[in-house]
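What follows is a pair of complexes built around chain A, which joins chain B in one and chain C in the other.
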Partner chain A sequence: MWALRGCRCLRAAWSWGGSRLARGATGGRQIDQNPEWQLEEQKPLPQKKVTMELLDHLERLALVDFRNWEGVERLEKAIQFADQLHEVNTEGIEPMDSVLENRCLYLRGDNITEGNCTKELLQNASQTAEEYFEAPPGNIPLPKLEERESFLQDSN
Partner chain B sequence: MAAPVSGGGRLCRLAWRRRAGALHSGAQPAALGREPGKVAAAQSGVAPWRAVVGLEVHAQISSNSKIFSGSQVQFTAPPNSLVSFFDASLPGTLPVLNRRCVEAAVMTGLALSCSINKKSLFDRKHYFYADLPAGYQITQQRLPIAVNGNLSYTLCVGAKQSQMVTKNVRIKQIQLEQDSGKSLHNDARSQTFIDLNRAGVGLMEVVMEPDMCCGEEAAAAVRELQLILQTLGSSQAIMAEGQLRVDANVSVHHPGESYGVRTEVKNINSLRFLARAVDYEIQRQIEELENGGTILNETRAFDYKLGCTIPMRDKEGKQDYRFMPEPNLPPLILYDAKSLPANIDDQQVVNIDWIQERLPDLPSVKRVRLVEQYGILPEHSFTLLNEDGLMELFEDVVRETQMNPKKVIGWVISELLGHLKQYDLTVKESPVNSLSLADLLNLLERGVISSSAAKQVLEELWKGEGKTPLQIVKEKRLELIQNQRELDQICQAVMEGHQEEVMEIKAGNKKVLNKLIGLVQRATQRRADPILVKQILEKKLSQ
Partner chain C sequence: MLRAALREVSTALKEGQVSPTELCQRCLSLIKATKCLNAYITVTEDTALRQAEESEKRYRRGQSLGDLDGIPVAVKDNFSTTGIETTCASNMLKGYIPPYNATVVQKLLDQGAVLIGKTNLDEFAMGSGSTDGIFGPVRNPWSYSKQYREKCGQNSHLENEDSSWLITGGSSGGSAAAVSSFTCFAALGSDTGGSTRNPAAHCGVVGLKPTYGLVSRHGLIPLVNSMDVPGILTRCVDDAATVLGVLAGHDPKDSTTVQDPFNPFKLPSVIDVGKLCIGIPKEYHIPGLSSETLKVWSKAADLFENAGARVIEVSLPHTCYSIVCYHVLCAAEVASNMARFDGLEYGHRSNMDKSTESMYAATRREGFNDVVRGRILSGNYFLLKQNYEKYFIKAQKVRRLIANDFVNVFSSGVDVLLTPTTLRDAVPYVEFIKEDNRTRSAQDDIFTQAANMSGLPAASIPTALSEKGLPIGLQFVGRAFQELQLLTVAKWFEKQAKFPILQLQEMLDHADALSHQKISLSS
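Up next, the complex of A and B:
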């Protein structure tokens, strides 16, 4: 599973010092011989239980289908894996939300440069009517949890 | 709102009471109990309610192209013709921020006394709807471009709507965001058609704190915001074209208790409907709570035909928008005179101070200037600014005429505007322009015609046949009789023909004089100046 493979890579990369990432196979030169930061004792990762309500909420929002219990387990393992991020001490550090944070946001002049490609756009749509896209009616919310037949359908 | 609450008072002293049968009879619900303490005797001894109204106003930015793409912004166009690949969210497209939209938001923020955030961030707000092709809207949730502002607006209160009261509403924030496309429903055939021309147009969302307490205040605040936006030019703010959309958050509570559950009312497309929708929702919530029910935190749509709010099927339950930072847009950095970097392209810099210096006079400033410059009343200057183009017309007339502005205003508002309203015309569509009106007022000022004759001339001018006031006066022989001797003779004739009345006046009954004046007017076909006639008659009677 991709999650296990990912785990191994992360551990290898964790011998960083002075914010330089290990270059994997070449090792050696790039790895700081006197790291400032040591990986702590590997604590057993806490089990994260996912409630039925949360599953229902996620299915409704993201329109994914977890299909069966294996899918739910995979979700739980993924959450566990991501929780490892909490090990890093981020006190007093501003969160970075974009790798572009030191870039200038380019400002475009207010000129008309695009448009008038109705035919091309409509080409992609399966249903059109007189230059309009045709969409299925309204937002039909998923039925309530109790009423749904397909929730975790293939579980035994 | 009897006690004039000026400036700082945030919660208004309006006490709401349920009006028995108001909603069911289909009558217009009205805010009763405006005078705190004056309660309709028929009401049961239920504690008063206080209503709290907050508004979220979306104003379409007036620009040539959309906020993140180069397609055109235009209200009417063939469907899906003003759509770029980015607007249709085809893979491989990226947003590029339009400079004009940033400037518009900064102008609006400065005009509303907001602090402009020199660094603001863009986020994605996720929800599924057919008119949102990307499945998310780019907005500014964490750190918007402007925060903590203030909007002052005026309410006309009192019996004749002549007393002006100033109120304030705090502006929580202004953020830049994208508009969604338009969906047209054909419910009969269960079809929905999507037109993406509007998708991606720049919007400024102005979030107002819940400092308002009724529909009238909400409408007045939005009207003032509309005028400000139109003066700045950052948005044309025409509600009928969807350039200004308002969502109202309404809740009720007893004074002293915490705020109640709020509902959101959408689909309001005029100021009048805004006031009605808010008032209806307040009454509905009061009725519901007094009947022992509860208010759901839901979204309701305003049905303008029925004059009521109904729950919206699509928006059940609380939405989780899964906000996340927009990864394709770095933070937006704005500069001022101090922080301006030395060698940077002018095109890439938005200088807050530069924009501040070039802000035009806001409506509130213009109103004060009109009062000071022309000596007119505050409510007159309010009316002048409320009608598009009326202020310019008034100033043009004042410039062209010798009449005192204080008298001109009467003619502009009562007569000209009165006629415009009667025929449902805008100032621009007026058949009488400022020059014609100025000519007419000059004739009146010089004593060539009387006031009632002037009104007759205005009626004629309204027909728009291209005649000048002077021509009409001559045609209809409306000139006042200037010849003293002629007047004298007519007065004498009237007196001789009505000896009884003359006796009565001489005996001391002065009121009968008016009858004689009336008779003279009839004899002269209303071409006599009543003041002059009175003088002549009085002189004769005393002889």
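Up next, the complex of A and C:
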């Protein structure tokens, strides 16, 4: 097992200044010339432990590999970035799936309007047999980490 | 002629001053002359000429289909087009030829538009620079403009300047470059976090993101289903309204399009902004905003006020969380949407055949680039059972807070919001690539992204040139489904701003010279 190397990430800590609207020479209202926010250097966040098992698990779920340490670092940074969400108070707020949640989704009648396009659909597949898509044998789980072609095995 | 607005060209076509075939030929030669911009992945020369001929026949019979008949348009390469390769700038879909047209593409073709080519983008529309596709980055036409070169004191030896060219912004950079360099009159982009408005601002063109649910997404290879919208890029606001008129409306093939009837509109020519209330969100003034953009933004606010509009400061308190929220929701939806690429039915397939799982894994390893893989893996992390509530659901709750911010502002009497589109003008490619894709997206999407969260319509309008002679755009955000009001305000502003035309003559002359050189060398 290994722990992530600590990485400091610069995060804008939003601190409020008073809101001032300066009147320009022409008497027009200008946008406040001073930013509302200050960029503060954040203390390093507590190290997130991303275990080898988790990385292996993710590779299996996604069926996509990390390729190298850069890939793992990318994930670490993504998680640390996302952790900022926890500062927001969402007490009593419902999650929002869609901006159109107050409308009914359109459902069309269950009538056949198109089809019979087997040839077109099969054209794009690289391996077909008669009217089937050909696939290698299924129900075989991805090989264990030691046997897979994954850079993670080097870190074991 | 190539610089004219859609309406003017349409009139010229009707009156026979120019023929659709001539127009098409001119655009095709210009594409060849501006090849170094790398705006196009596929140039559909034969199809375009054929469509132009059909259009010519219709004009001769006096039966033109409308304002778009015979007009060359370009389409971003993540829209499906029958018989034309659609790659999303990815190895995964290289060689993929869709058997159907995206609804928006079909609507354009039904109106007689001439599809001139598929434009370059970031791989699967993930990125804010149009630099991460397999066909290479797109160059901003303004890199070669007289305006930029004069300001930067560069001589006209274009070969020496090869390393200082600028990015277009992204991810619809190819479409923006195509419209900006006059090779087409309108282009389709997609907008998930600002992908149409960002390159529009950097390339000095109009970029419109319609309300979510107004334009069909059928055939648009999806990135984030709850935020994607097809975007429209044109050289003036009137043109954007014309194209929107063709594309908007309910589509039975996309159940997320609203069923409200849509009436295409023509923008008024005399506009009075006196009764309007313009909101300036104070949270959009962030430390990274360039002083030039800030100046341009302030001047625009003054412009409205001097014309009699009420310009007030408003607050969107959750703005600072929109990027984080987008980061989580985007990764989660991407993880789900990219699961369809397994090599079986279409796209790249690996030679590995020990088992379906290992074939899928190998195919996806070979097909996706780092950016896509990174988002898929982060998305899967956020969707793990132990993280679902903490990250995904949490982000959805924050999304509601962000959307409510807008609802509150608009219900307090504000008609349109005025904000910058980008932090600064376009940067050179060599500078842009110093940071990774995610950092760049987090920086560049900051102003545009909240409109996608809330589904509201937004448009970036080219406003002024920076000190370097590069475009700066400002963004207008309107109420849901109020594109008429949004574009009317935008049109008024466009008239006041009088943004200069891109002067590309030097580049075209140079391209001519190069081709003559080649001819004389070979003879």
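Just so it is clear, the second predicted complex is superposed on the first by the 98 of 156 C-alpha atoms of A that agree within 3 Å, B and C clash if a C-alpha of one lies under 4 Å from a C-alpha of the other, contacts with A are read in each partner's own complex, and residues count from 1 in each chain.
Quick note on the criterion: a residue touches a chain if its C-beta (ideal position, glycine included) is under 8 Å from a C-beta of that chain, and two chains touch if they have at least 3 such contacts.
Fair warning: this is a prediction, and the values are worked out from it, not measured in the lab.
Chemist: One more residue to check, A:84. First (chain B), second (chain C), both or neither?
Modeler: second
Chemist: Looking at the overlay, does A:129 come into contact with chain B only (first), chain C only (second), both, or neither?
Modeler: A:129: touches chain B, not chain C.
Chemist: On the superposed three-chain arrangement, identify whether chain B or chain C touches more chain A residues.
Modeler: Looking at chain B versus chain C, the one contacting more residues of chain A is C.
Chemist: Check the residue A:117 against both partner chains and state whether it touches chain B (first), chain C (second), both, or neither.
Modeler: Once the two structures are laid over each other on A, A:117 reaches both partners.
Chemist: Counting only touches as set out at the top, which of chain B and chain C does A:108 meet: first, second, both, neither?
Modeler: both
Chemist: I'd like to check the shared interface: which positions of chain A are touched by both chain B and chain C across the two complexes?
Modeler: In chain A, residues 57, 61-63, 97-98, 100, 103, 105-108, 117, 121, 124, 133, 135-138, 141 are touched by chain B and also by chain C.
Chemist: Would you mind writing out the residues of chain C in touch with chain A in their complex?
Modeler: Contacts found on chain C: 96-99, 212-213, 226, 250, 252, 255-259, 280, 282-283, 285-287, 289, 294, 297-298, 301-302, 305-306, 311, 313, 318, 320-321, 324-325, 327-328, 331, 335, 342-347, 349, 352-361, 364-365, 368, 370, 373-374, 376-382, 384, 390-391, 393-401, 403, 436, 438, 442, 454-455, 480.
Chemist: Hey, which residues of chain A end up touching chain C in the complex?
Modeler: So the residues of chain A in touch with chain C come to 12, 14, 19, 21, 24, 26, 28-33, 35-39, 54, 57-59, 61-67, 70-71, 74-75, 77-79, 81-82, 84-88, 90, 93-100, 103, 105-108, 117, 120-121, 123-127, 133, 135-138, 140-143.
Chemist: Which residues, counting only chain B, touch chain A once they are in their complex?
Modeler: Residues of chain B touching chain A: 63-65, 69-72, 78-86, 88, 90, 96-102, 121, 126, 128-130, 183-185, 190-196, 313-314, 316, 320, 322, 325-333, 347-348, 350.
Chemist: Can you name the residues of chain A that touch chain B in the complex?
Modeler: Residues 57, 61-63, 97-98, 100-118, 121-122, 124, 129-139, 141.
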